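First the structure, in the form of structure tokens, and then the observations on it.
Chain IDs A, B, C and D follow the sequence of writing; residue 1 opens each chain.
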Amino acid sequence: MEHSFVLKRRVAFHETDMAGLAHFSNFFRWMEEAEHGFLDSIGLAPVVKDRATFWGWPRSKASCDYKEPLRFGDAFDCELVVKQIKMKSVVYRFRFTRSDDSAANRLIAKGEMTSVYAKFDVEKDTMFALDLSEELLSRIEEMPGAAVVGSA
Amino acid sequence: MEHSFVLKRRVAFHETDMAGLAHFSNFFRWMEEAEHGFLDSIGLAPVVKDRATFWGWPRSKASCDYKEPLRFGDAFDCELVVKQIKMKSVVYRFRFTRSDDSAANRLIAKGEMTSVYAKFDVEKDTMFALDLSEELLSRIEEMPGAAVVGSA
Amino acid sequence: MEHSFVLKRRVAFHETDMAGLAHFSNFFRWMEEAEHGFLDSIGLAPVVKDRATFWGWPRSKASCDYKEPLRFGDAFDCELVVKQIKMKSVVYRFRFTRSDDSAANRLIAKGEMTSVYAKFDVEKDTMFALDLSEELLSRIEEMPGAAVVGSA
Amino acid sequence: MEHSFVLKRRVAFHETDMAGLAHFSNFFRWMEEAEHGFLDSIGLAPVVKDRATFWGWPRSKASCDYKEPLRFGDAFDCELVVKQIKMKSVVYRFRFTRSDDSAANRLIAKGEMTSVYAKFDVEKDTMFALDLSEELLSRIEEMPGAAVVGSA
């Protein structure tokens, strides 16, 4: 039973913008990368496919509060914790912190994302939310205390 | 004095993901496109540059609630309204709706973004928030009633 | 029978990088946007779907020569011409030129892309090239002289 | 004196498109990541900044030949070799191969990129090519035989 994961990353050049900063939209891609790293770490594929049916995790909500900018080459950690497990979705919280020696652990940003467990039928072009499977519930748990604490 | 703007857009192929949907991170890029369209519409350049100094609008917060997916080629409107003007920042609300004839106005997503008026000194690698200029305040106003309504 | 198309575009903020230029990878996304605009203009959907089968245009080659940078907000045209129609693919050439009044028509970049007509079977995870359909051949033709001229 | 580098990577979800493949434009971003990894490996920062002046490597050419698609989660190597050192630029060749156990070394794509050593003056908005520095020439060399072999 796991409830956290740390993605270690550096800002790539193509992730910067003309202000010299990592573009704010990339934080959402990094949250997704951390989510997928977390799922992999507990033996769950982020996307499961059987013929023309997929099971995956579309988002119903995503948010980020930016405290300090990241620039090209900056090393950072994106720490995921499971804030809440709902009937059909999982709420994750994220903390982005610097991992360079000189400024280790300084807070960069805090995020939150709700991922819905969903089934996609490619033939019919339908997508609908599912109850979380037993297998999934057996491998993931809420961060102790996470659900009762205020949102990031 | 303006307080709203509509970006008209279609989903590009490179904005889709393997689930066949517009990737959720793109909604933040579209909010930015709407913000810049809004600023242009009131005669304010989104980025002003004087030698090695820039004035721009980094975000301190961004969020999105997804109601329905968008797919490749789908036409949508991203409507921006000015929710609140603060000392050093502007809070925008966004509504994404379908603009195809068959499903016009159906809600796709709601977003919110706080953009901070900031000065970047390229020489010194500094960035700090500024009070909104008189010129800016003379051209932008809150959507009537927007500030008092609950967040998107 | 058509053989050319012009995409009119501006550089978005999220397409810039810390050098203040449109990131070079975006030129390939713009070529794709022009290709899809071209296909739409001749009544051909860029992607056709029937249950769990897709017909589309994956690329076998793509190249770009950069002459001058584009910056945030710059207006440009991306002109597509059909260079060559092969048994299973179409070769497109692209010219990026400025469309701002002050510098209209100045060359920014030249590109080339080969798109293969292909069928994707989602159930079996296969993709293979197809001969171009009669319908397609009835709507598209090589730019007069394009095939014999040297590559961009 | 170095002339090669291998970037080890997996395809992220946000790099896929609705055809279920890694979008072709991402190969150019991965070439850039490999280029920056190579420069780091020989002690050269990909971007050097002194007050309002930058030294970097804008591209004058980039191309890619795609042999086989990559899908979400696929592990691959992007091997860079220095094909040619010119007065003001470096020509790199890239080979993308699978690194999954089951299909190791199968060729995915071949690319080429010419990066120009350039100085950016932020104050004046100018960018111009420079002769490669002695320091740079002392650390980088052509892949033996690379320059005389035909292009990728």
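To be clear about the criterion, contacts are C-beta pairs under 8 Å (C-beta built on N, C-alpha and C of every residue); 3 or more make two chains touch, one makes a residue touch a chain.
In this text, all values refer to a predicted model and were calculated from it rather than measured experimentally.
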Comparing each of A-C, C-D or A-D with B-C, which pair has over half of its contact pairs in common by residue number? A-D
Most widely separated chain from subunit B, with each centre as the mean of CA atoms: D
Distance between chain centroids, defined by C-alpha means - subunit B, subunit D (Å): 33
Mean-CA-position distance for subunit D and subunit A (Å): 29
Centroid from C-alpha atoms only, then distance subunit A to subunit B, rounded to Å. What do you get? 23
Expected list for subunit A, residues touching two or more other chains, is 13-14, 18-21, 25, 29, 32, 47, 72, 122, 125
Subunit B partner, complex, touching residues on subunit D are 13-14, 16-21, 23, 25, 49, 51-52, 71-72, 122-123, 125
Which positions of subunit C touch subunit D when the two form their complex? 18-21, 24-26, 28-29, 32, 47, 54, 56, 58-66, 69, 120, 122, 125, 127
Which stretch or stretches of subunit C touch subunit B in the complex? 12-14, 29, 32-33, 36, 45-47, 72-73
